[in-house]
Every structure is written in structure tokens, then in C-alpha cells.
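After this come two complexes, each holding subunit A, first together with subunit B and then together with subunit C.
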Partner chain A sequence: MSSLPALLVAAPLLGSVLALLAGLVRSETGWPVALVTAAVQVAGAGVLASRAFDGTVSYVVGGFTAPFGIELVVDGLSATIALLVAVVSLAVLAYSRVAGPRTNAFYAVYLLLVAGLTGMSITGDVFNMYVFLEITGLAAYALVASGEGGRSARAALKYLIVGTVGASLFLLGIGYAFVATGTLNMADLSTQLAAVGYTEPLVQAAFALLVVGLFVKVAVFPLHAWQPDAYAGSPDSVSALISALVSTVAAYALIRIVFTVFTVDFLQANPVARSLLVAGAIVSIVFGSVLAVSQTEIKRMLAYSSVSQFGLVVGAVAVANETALIGATVHLVGHAVMKGGLFLTAGLIATATGAQTVDDYEGLIQRLPLGAGAFGLLALAMVGVPPAVGFVGKWYIALGAVEAAAWPLAVVILLSTLLTLAYFARILERMFFRDASGERVAVDGVSPGMTGVVVAAALAAVVLGMLAFEYGQLLEPTVQALLS
Partner chain B sequence: MIDLLATRGYFLVAFLLMGVGTYMLIGSPNLIKKVIGMNVFQTGIFLFFISSAFVQGASPPLLSAPAPYVSPLPHVLILTAIVVGVSLTAVALGLIVRVYDEYGSLREGEIREVAADE
Partner chain C sequence: MEPLVPPFVPVIVAALLLPFLGRKAGHALAAVLTGAVVPYVWLVDAGAHFTEFNLFGFETVIFNVDPFSTLMGLIFAFIGAVGVVYSYYSEAAPLQTAFALSYVASSLGAVFGGDWLTLIFFWELMAVTSTLLVWHYGGKAVRAGFRYAVLHGIGGTLFLGAVIWHFAETGTFLFASVPGGPETAGLAGSVAPVLAALGVGVNVGFVGLHAWLPDTYPRPHIAASVFLCVYTTKTGVYGMYRVFPQDGNVAVAYMGGIMAVFGATMALFQNDMRRLLSYHIQSQVGYMIAGVGIGSALAQAGAFAHVFNHILYKGLLFMTAGVVVYRTGEESLKKLGGLAREMPITAGAFTVAALSIAGFPGFNGFVSKGIVISASHYDFVKGPLAFGDFYTLELLLLLGGVGTFMSFIKFGYYAFFHGEYDGEVRDANRGQSVAMVLVAALCVFYGVFDGALFSLLPFDVTDGAVVSHVYHTYTVTHVVEGVVLAVLGLVGFRLVKKPLSGLGKVPDVDSLYNPGSLYGSRALVVGVTELYARVDDAAVALAELSVRTAKHPDAAIARVTGREEVRTKAGIDRSLLLVLAVLVAALALLLA
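This part shows the complex of A and B:
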């Protein structure tokens, strides 16, 4: 039995404490500690992923055998998410060395967030998932508040209150499932819930509470209200990190809860449950895009774009077939790279030129060709232009919806490409085809690290797209196990 | 109906608390009271777990005690959840201190006015 899964959670926790202690000796020493920890994390997650695709890796915490104790279970899906968390957190670190915030406390909380996210993606126990969800939440609230001024504090407080309600509903859902079955282990819950009966009101209520609680965390419309403020109010490196990872891991948790705990049979026995997911998906895709079009601030627009993109993932969960789930995973990874990259590019552009609104982006290609190019590339990838990764994710999800004959959803998913184009086209047109209106004061402070990460994200969005079909085949056994 | 309510009194109180908490959380314009509402809401959930573990006349799960036993698991879960709740309250109050320093008010409407003037 390998203890790698447990070490993967313990390493960032240890790093977090070290970063805080290093701050007592000398200030601004958090970054190297965080860098080493993130590098170790990437290596660990890489090794784990290479093993998990051969067969599920599990670890029993403290020797209390499942279903009584806490079990960590890593299959291809969890390993993918854990690796994504590690890689993105390392990349954002490279960006944040100069862009800041530079305090040790910031890096301590940063690593705490990594620990929470990794824990959520590899745990096999629902209550353990709640605890990691709250660790993730607490760290995210503190990170959002690390910006200057009252705006970030207000955004963080709103995020905290709404997020806590979501997590509490999740906890109540766990309570219902526990009362119905007397177990908390995911694998055990799936058999016990089937024995209790999928049409029991207690089981149905547990599903509704768990899913709605996670909807808050994923930021599905109309439970998204915390998200634009939180993304727009936090420092650039933080908005990139949380937009790329926090909702992504919550969406992963949704997939876990729906398919590992409740299984496809539950969805078949309860058409209402599926309608809940379909409704969340359609409303999110449409209203997220409409709200994105009406924004003037770039970061708020990107935030609403996330609401709409996560609608696609929820839609894939509702479709519940193999193709759609592979699409959901590809889109989760792709969205993390593209949206994280877009936030970092927006931060780079704001640092270099001071441009923060859609109108400020006029003629950006003349002022900052690199920034405009990267933003344009990532935006087109997000729209779903082949061969970028955004295309592959949407292709699989749409194909899945057609295979399942879920026509209304299929139409909305195809429409979502146009909607995404609607809000990115405004910016693309301003950046490339208009002249800059008046001279603006050049603010400079762009580091090689910032440029490097932005270019890497833009390239990754294209390269991942080419690898995504092979990855889809690799993921097939995992998804088949998830659906059986 | 009355019978049902009488035997499930604990659940009734737990859900009443959740309702009161949610109402405070949404309805009160005062930020501190919102956090108190959040705490009341969570307390309702804690009570739900604890009352679900109650068994009439049962003893603690010790080898020396006679059966039937009470399941210790919900109590352990709620201990964890209480710790989470305390940390959340601490972070929330810390943020409220910062908001108060910045805007000089704890009332939602006034804060929004000051923020709009900026």
C-alpha cells in the first residue's frame, strides 16, 4: 500500500506551516518555500497520476479500515484534478513572485488552499470532503481579502457568507445520507443508498441538498452572486488561482457525488433530479453569457464567463454518458488553463498599460503585442476554435448530449459557443481592429516570470487540445467504472 | 400530526433554528448580525446531527457498558464541524473589522453608499 495520497495532502500543509515560520525569521521568505512545496507537489501528483491510470490507488487513513475510517481513493479522474491543482498552483507562483502579494502569510494561505483542493480531489469519504471543502473555502476567503482596500474585504465577506451557506447545505445533505444509511464512505454509500431505495424522500432530499450546496461552490446561476465580486476584487494572481481551481474542484466534487455516491441509477429513478441538473446547466450557460456581455470591467466579464462555462460541465453531468463525462473532464482541465491564463493575461495587461475595462483594450495590439496576442489566443480557445482545448471539451459534451438525445441541452450547448463568441468578440475587435484612443500613462512592472506564464498558458491551451483526444481514450476505463 | 411533531421535537427545533438563522443572514442589514445568523444556521445543523444519534436508554460505546450503544460518529463529526464554524466566524469577524475601518459603518446600505461614492 502506497502512502503517496496522504503525503500529497500533508506536503502543502507542512509547506504552509514552514512558510509562516520562515516569516518569523525573515520577511518575504514565503515565496521560495511555496515554490519548493509546489514543485514537490507536481512531482508527487505526477507519480500518483501515472499509477492511478493503471488501477485505483487507495489509502486507509490511520489504519481504520473502510467503511469505518477515512479512505483516500485515487482513480484517473481524481489524479487528473490533483495534477491540475499542482501544476496550476506552481504556474501561478511563478507569476506572483513580482506581482505579489509578497507576505509570508499570503503564501501560507496559498499552500493551505492547495492542501484543501488536493484533499477534496482524492478523498473517498463524504464528511472528509466537507472538511476539505471548508479548508478550501477558508483559504479562498482569506486570499480574496489579501487585496488592498475595502473592495476585496467586502468581496471576501460576501464570498464567505454565501460560501458558508453552500457548504452548510452540503453538510446537511451528508447528514441526511448518514441518517439514511449510517455510513460516510462513498463506495459504501452507493450500495447502501441503493438498498434504502432511490425513491425514498430522505435519499432524494440528501441528493438535492448536496447538489444545491455544490451549485453554490461551483457558482451555477442564480447561486453565482459571490463569484464576480470575489474574482474582480482580489489581486490578479489570486483571481487566476481561484478561477482556475476552486470552482473546478467543486465541479469535480459534483461529479463524484452524483456518480460515485448516487450513481446513474439514481438519476434514472428520479427524472426530477436530472431536471434539476439540466435546469442549472441551461440557466447558467445562457444568463452567464448574457451577463458577461453586459460587463465593462474585464475581470468581471471573465468571471461571468466562468458561470457560463461551468454550466457546460453541469450539463455534461446531467447527460450522464461516457462521452459527456470525458468532455466534462477535458473541459474542467481546459477551462482551468484558459481561464487562469486569461486572468493572468488581464493582470499582465493591467500592470503594463493600466487597462482594466473593455474600452481600455482599444488598439492594445499596438501597445502590448504579446499581451494582446496571448489574450486573443486564449479567448479564441475559450470560444472553441479547433484545435484548442476549449473545442475538444465542448465537442465531447455536445456529442454526448446528442448521443443521449437530450435535445434542448444539446441546442444550448451548441449555442453556448456563439454566446462565448459574443462577449469575446467585443474585446477581440477592440484589441486588433481599432486604434488606441489617446495616450495612456505607461505603468511598467512586468517580470519575465509573468510573461513566461502567460505565454505558457496560451501555448498549453493549444497543445492540450491536440493531446485531449488521446487523454479521452486514456480516461475511458475510469469513466466506465464511474458510470457502471 | 401532533404525535409526529411530539416525537420529533428535536428535529423541529433544529429546523426552526436553521430557518431563524437563514432569515437573519438574509434579512439583517447589520454585518455582525449576519454572522450571528450564520452561526445560528450552523447550530441548527449541528443539533440535527446530534439528535439523529440519540437512542433512548442507550449507553456510551464502551466495552464495559451494556448494549444498546449510542453511535459516537455524529458527535465526532460535529466536533469537527464546530471547529470549522469557529474558524469561519473568526475570518468573518476579521473581515468585518477591515470593512468597518474602510467604510466606517456596519450597515449594508451605508457601506454600499460609501463604496458607490469612491
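This part shows the complex of A and C:
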């Protein structure tokens, strides 16, 4: 099946339409359709990944050969992200069956988001990437708005406006690059841009626009303002899905744009461009953590934690060596599992006990041992306690920064462990070492699927950490190709 | 003997099984498994084992046996087993003992690591497990445990930084003695050893970085204190040796001398028994650090002999203090007295331990402290304050000895001999007595038969070819020196007894930096949020004109959802403005 890459995008689109049509026949039929689609997606992404690690898989859409037509290019990095998207969307489905939302429209948009994310991961064409970025964005705005009440709607509106501005900047950047080179294919762009000259104002402006546009999508401080509202305002299953995937795929796009389109030579020719990335990383890590410490609501705290963690990934992009990029990929995957898991656990805890703020978590171990245990495990993984996956990603990134002699960044990365501990230690101490203050609330509305997926996420955070070093070796050829 | 598993494995197995086996069976199994490590590490072949196990994808050696590791492993496992017995008879919860054993296991992992990565991995694990052990007790121990965790987090990060620096310089984590390791031992470069000295300095209680020690150790369960007093500081001494394996470091040696005096002096001011003992950990570790800092074969042998002996008598001291707390419920010396008649076994064990720590002839402390003092005389610079035949560091160490005598005379006098205890107190129960008497017997054994101790040491101190000055324990001058210190201590205690009893709580450095760090971090958080708010406000004020023309988002949402009113906290306008500002800045910088 050589057209597997295209099918990987088409399958969720088809599922999305099916879910909508099924709703006309009978309400609340979206979930099974989504489940089947997501399962197919996991299988497809798995097969594709097993091929992509042997050698880059490419597919020409509609028979128009590159550089004129659209090309789908799958290397180890794209395949990893595509598989991550498929697996996480399947896992969140297990949670959302009981937790809701249950309308068919919701699942139609859910699958549309999966299609957009998968498309972004595997496309080899910048304009095509913009199209998928917009699909992803629009689906995400709609999903955030699917919560009940004004809070979701407000968060979605803010997300919509800020996100659209970000996407427009991205499009402007593509326009500049197109004006400079006359091509949209990534591989072709990289040679053409080199021919135009890396110090041309047109090329530099294109870089600035693309990077700032993606910074908005990744939620780098201070362009993160949409993100805490969106994560905290949406239903639990949506928070988990978008926190695990949307910024992750945007960060993947950043890696693609910086290394495949502009290449390391551009960064070397423009030290300021690298400084821009370093500044974004440092500011995000520090301020994201500090703001996370000052939050009282769990979901907002987790949201600010994401700002800080993506700072690490941006930092790895700025370092631009092999070790750091392996670290960035491991951290992207690890963060998706840990943060998605944390949001689902927070949702589970809120459903079972009503606890939503840091103070509500006092003595949680007595009331809900499983929830508290999973939250504790994921939080420690996020802090970077070995052997969890959070440690491996940070370790590689820190090592990369040291190898590249980027000392300020290395210091901040080491410091980030302490900062992460600062906001999680408060909760750990409350959960495990204090007595419950409130009344015991009867457990209610927690399905086996919800429990199962939370436990699976917690275990995955540890197991992935043990596999991550082998994975890093597997990824080495891809990263070498990216950096050459 | 061929190596079977790294020595931490049986202990971690015991820790994992203990909570599920029930109190009695669990403790019995744990004592057996931990005790079995003693002959195992004694018999196992020297050299690097299990080199094919790669930690985090780097070449590492999880089990490396050399004389230093063997000595640490022997005494760690022994006191661990004794601690389990003591825990069982002191009504410690199974979970607490499980935490304690995980702490023992990580310490064993650290001292048997053949590379820096394994060492730092278990080092950090020790910080986590010991914090859990403290936290498990709840109450006041929680806050102290938190301060403990923060300080050890900082120390561990410094040490980690040093290790990474070393890796960047040499390209390997392995120790020099391990096949494939670098040519020179210790940390490479000029910055790494300084970072490591500070990071390890937290663990061994450098003056100024030591406040966690008397803050944490008196607060948890009495059996937890027995474990705590052994592992963290002594693994620190071992780590310091690995950082400065050859020729030592003059500054570290003097720091050891200052710790010896400072700890003993502060101990004299204390009334809480376990707090007093905690300051003595700092003081005694000072002797070991001085030995490592001097760096000659004689000094290193002395330092490790002192580690070995110290673990015996300090464990014993915490056990006796624990028994007093267990039976009377009192922590303060002011509320005790005359217990010698009520608790003869405890009083006897205490006397042995006190004479050992103070270095009285015939007890083990005398032997090892003597080696370090001898090294400070023969192998070290004269220093600025030398009186006749006594050099600066030597004087500091002797002064620390006088202080030790004084504070233990104080402890013994107020707890066991002064006045009468009103009411009935039972002596230690059978299990506690067995544990105490066993350790006390070893304190005397190694004091009398010093050859048994010498045979354990990494360097033979009785061989002139190995050490610069052959050491004899029982010479006339040594014995006279020991007795003179004791007499000075006795006289000193008579002199200061009156003024001391009127003295309140003497502040330590933590009374400075605890509020400092609290208000500092609070000021930082408030400052950052406030600053952000100010910048934000200014930007918004500027943009107000252009924003006013845009559709008001609140009203729009309210209309869509059909609610009366909705408020946006952080507006969309600000977000857009920030995007714009960043874009302009990025373009300006790139195109400039």
C-alpha cells in the first residue's frame, strides 16, 4: 500500500463525515464511529512508522510531481508524531465515552482535528502545512467551545482570534518565502532559499513571520495568553486531547520549518535568529513555571506548566545539535503522554470528588488513592525523576546544550527541574501528607474506561522512559539527515 | 566470590516486600536480607562488575568493588540490619522501615557505583527516599522535610552540574580505576571540583550549609533518626573522596577543622537530645572531611576508619537517645535526670558511645580520630596559627575533641546522673537492648583490637612503605593526649555549666536564611507577576484607542450563549498586542 500516507489523512476525514451522517439516523452514535476510525488510524500509523524508520516514505498527491505538486514526506520524526496523534486520540476516546461530550457533532470535529494534526505531521509542502494548520485550529476552536457555559465559549473565542492571527502570520511568512523562491515544496525551498542567500531581508522576514506565527501556536511566553483559558475552559477530554497534541504538532512544525526549510546553515548565518529562539525558550521556561506556581486552579496550573515545558523544546531547536533534537522529540512524545495523562487524571479527580483547586487536593490519597497515585506518578515524571520519560527528554536536551556550550540555556534547563518541582511539590505534599479537610464525597460517574486510560498513561510515562534510549538511537539517522 | 547482583538489590527487594508481609515477618526478612549483604560485600571479588548494563545509554559500571566501597558497604549493611531490628522493637510502622530500606539501598547503590552517573543517580535517589522517610512521620517533620528536600535538591543539582562538566571535558563518566576510564582520577577541569565540593558540602554539612542537619534529624520517628544519622553524611564523605582522590584540597581540610569545632560548640548549647547529637554529626564528619582534605594515604585511611567507627557509635547514640524518648516521651535534657538508676543498660550503652565519640583511650573513636590528627600533623601544612609542635588544623581538631567531651559530659550528666527521676521508667526492651549491646561491644572491640580495624582500611597504616608516618594507637603521648582532652572537657564543663543553664535557644544560620528564602521567593513571585501586570497595563493603555473600535468580546459572547453577562479576565486585545509586539521585535532584530 504505497498510498498509505494519503489514506492516513483521508481516513479521519471520512470518519468525520460518517459521524456527522450517522447523527442524522440516530443521536449519540458518534463514539463508535470515532473509535473504529481511531483504531484504523493507529494501525495505519503503526505500519507507516515501521516503514519510515527504514527509509523516508514519500507520496505524490494527484500525480503532480514535486516541486509543483503536493508531496507527503514521512521520515522517522513525522512518523513518530503521526503515531502519537493516533494513539493519544484513541486513548482519549476511551475516556470520553462516559465523560462526554456525546454529540455526533463533537466526534465529527474530533476526527477533523485528528485529520488536521496527521496532515501537519506528514506533509512535505509548506502551503499544505498551512491548510492543515488551519483545519487543526478551526477544529480545536470548536472543540474548546463544546463545553457548557460561557467560560468555554469565551475561551474558544479568544483562542480563535489569537490563533487565527498566528496562522495568518504563518501564511504571510509562506508568502514571503514564495516571493523569494517561487516554490512551496519544503525540500525545494531549502535549496532555493540557500541560492537566494540567507541574509536577504525577504528570507529573514519570512523566517521571523513563520517562527512568530508558530510561537503563537506552540504557546511560547508571552504569546501564550490563549492557552490557559482554552485548556481550563474546555471539557476534560478536550483539554487532554489538545494539551497533548495541538501544541506538540505545532512544535513539530517549528522543527520542520527551522531545519528542513531554513536549515542549520540559516541559523549559522543569522545568529540573531538563534537568539530569538533562545530568548523564547528561556522566557517560556522561567515565566511559565512562575505563573504555574501562582495558580490555584489545577487545570490552569497544568496549562502554564505546558508553556514552560515547550520552552524546553524551543530551547532544543535553538541548540540545533543531534543530542538536543533527539531530546526534543522524546520530550514532545513524553510531554504529550504526561500532560494528557495529567489532564485526564485531573478530570477523573474532579468527577469523583469535585476537587478542582490546589487546596481541594488535601488528603486526596485517602479519598481517591488511585487518582492521587496516578497524579503523583505523572507529576514526578514531569519533574524529571528517573526512569520516567520526563527525565530522558530533559537529560538529552541538557546534554545537547552542554555539548553546544550554550551555557545560559543549560543553566535554565537544569533550573527548570527545580521550577517544575516548585509547582508540583505543593500538590504532592497536599495529596499525600495532609489530612482531608472536606467531607467525603461519594464516588460518582467514573467509568472503567476513564480509570483504565489514566492508569495506562501513568504506566506509559514510566515504560516509555525505559524505552526512550533505544528510541533515541533509532531516531539518530533521521536527526542526522535533518541537520545535514 | 563471583558477584551475583549489585548489593542494593536484596535491600530494595526487602523494602518492596516489607509492607506486604506483615510487621513481624517483614522486619525479619528485611533484617536477614540486609544482614546478608555484609558477608556478600566482604567476600565478593574486587574490580568492576556488570559493565554491560548501560544507564541512560552511557557506559556505566553499576557494581564496582574497591577497598573504599567495600568498607562503606560493610558498615552500611551492618547498621542497616541493626536499624531494622531496632525499628521493629521501637514500634516503627512497616511503611516507614520500607522507606528507610529504600534509603539504605540507594546509599549502597551510590557507594558501589563505578562511575559518576551511577553515583549521582543514587545520590539523588537518596535525597528523595530520605525525604520520604522524614515526611512519613507527619507533623513538624513535614516542614523540616520540605526544607531538607529543597536544600538537597540544590546540592544535588550542583553536583550534577559538576558531573556534566566532567563529562564534557573527558567524554566519559567512568572512574579512573575502572577499565576504560580516564587517566586521572577525580573531576576534570577547574570548575567541576568547586561545584562538586559545594554540592557534596551540603550533604556533609559544611558550616553555613549545615542547617538542615540539626533541623531535620531530631524530628522524625526515633528509629528513622538512627537511619538518617548514618547514610547521607557518610555517603557525602565518600563522594568527597571521589572528587578529591589524590592530594586532597587545603580549603576542604580547613573546612573540616572548622566543622569539628563549630559542630561541637553548637552542640554544647543544645538541650534537645537528638539536636545535640545532630550537631555532633557535623563535628565528627569534620574530622573525616579534614582527612579527605589532607589527602595522604594516612589521612584517607583515617577518614574512612572514622566513617566506620562513627557509624557504630553515632547509631548507638541515636538508639540510646531514642530509647530515652521512647520510654519517657521527653526530648529535652532539662526535663530529664537520674535515669542511670532506672535504665542501666541504656546508660551503659550511652557511656560506651560517648567515650567512643569523644575519643577516650580504649574506645574505637580514639583509634580513628588519632589517625586523622596524626595525619594533620605529619602530612599537612603548618598553617597560620601554629603553637610549638601543634599545627593549625591539628589544633582545631583537638579543640573539637575538648568540645565533644564537654557536650557529652553535659548529655550524660543531665540525662542519666543529675538528680533523681520522679516516677517509674522501664529500661530498653529486649530487642532494643540486643541492638544496643551488640553495637556497644563492637565500639569497644575496635578500640581495644585496633588491628581488626586496620585490616579493613584501604591503606595499611602500620606499613611504612604505604604511609608517610607509621601509626601506633597506644603510645604514651597518644594516651596522655586522650586523657588530657577528657580532663580539659571535665574542667571546661564545670566552668560553663552555670552560664549554659541560663542560656536560651542559640540561633544558627538557618534563622537567617529560612525567612530569607521564604520572603525572597515570595518577593520574586509577587515581583514577577506585578511587573508583568505593570508592563501589561502600560501596553494596554497605549493600545486602548485602537482597541475601542474593535468589537467588544464580552458582549458578543454574552449574546451567543444567551447569558446576562460574561467577563473576560485577560483580554483578547492584550494577547493580540503581545503577538504584534513580538513580531515587530523579531523583524526589527533580524532585519537590522
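Here is the rule we use: the second predicted complex is superposed on the first by the 479 of 484 C-alpha atoms of A that agree within 3 Å, B and C clash if a C-alpha of one lies under 4 Å from a C-alpha of the other, contacts with A are read in each partner's own complex, and residues count from 1 in each chain.
As a convention for this text, contacts are C-beta pairs under 8 Å (C-beta built on N, C-alpha and C of every residue); 3 or more make two chains touch, one makes a residue touch a chain.
Keep in mind that what you see is a predicted model, and the values were worked out from it rather than measured.
Of the two partner chains placed by the overlay, only subunit B lies in contact with A:G175; subunit C stays clear of it.
In the superposition on chain A, contact is made by A:I161 with both subunit B and subunit C.
Using the contact criterion defined above for the overlaid structures, shared-chain residue A:F127 touches subunit B, although it does not reach subunit C.
In the superposition on chain A, contact of A:Y141 is made with subunit B only, not with subunit C. Between subunit B and subunit C, more residues of subunit A are touched by C.
By the touch criterion stated above, A:A153 is placed in contact with subunit B and with subunit C alike.
Shared-chain residue A:A436: touches no atom of subunit B or subunit C. Once the two complexes are overlaid on chain A, the subunit A residues touched by subunit B in the first and by subunit C in the second are 149-150, 153-154, 157, 161, 165. Residues 127, 130-131, 134, 137-138, 141-142, 145, 149-151, 153-154, 156-157, 160-161, 164-165, 168, 171-172, 175, 178-179, 182, 184 of subunit A are the ones that touch subunit B when the two sit in their complex.
Those residues of subunit C that touch subunit A in the shared complex are 54, 56-57, 121, 124, 128, 135, 138, 142, 146, 149, 153-154, 157, 160-161, 164-165, 167-168, 524-525, 528-529, 532, 553, 556-558, 560-561, 563, 566, 568-570, 572, 574-576, 578-579, 582-583, 586-587, 589-592. By the touch criterion stated above, subunit A contacts subunit C in their complex at residues 149-150, 153-154, 157-158, 161-162, 165-166, 169, 201, 204-205, 207-209, 211-212, 215-216, 222-223, 225-226, 229, 270, 272-273, 275-276, 287, 290-291, 293-294, 385-386, 392, 395, 398-399, 402-403, 414, 417-418, 421, 425, 429, 432-433, 469, 472-473. Contact residues of subunit B toward subunit A in the complex are 18, 22, 25, 31, 34-35, 38, 41-42, 45, 48-49, 52, 71, 73-74, 77, 80-81, 84, 87-88, 91-92, 95-96, 98-99, 102-103, 111, 115.
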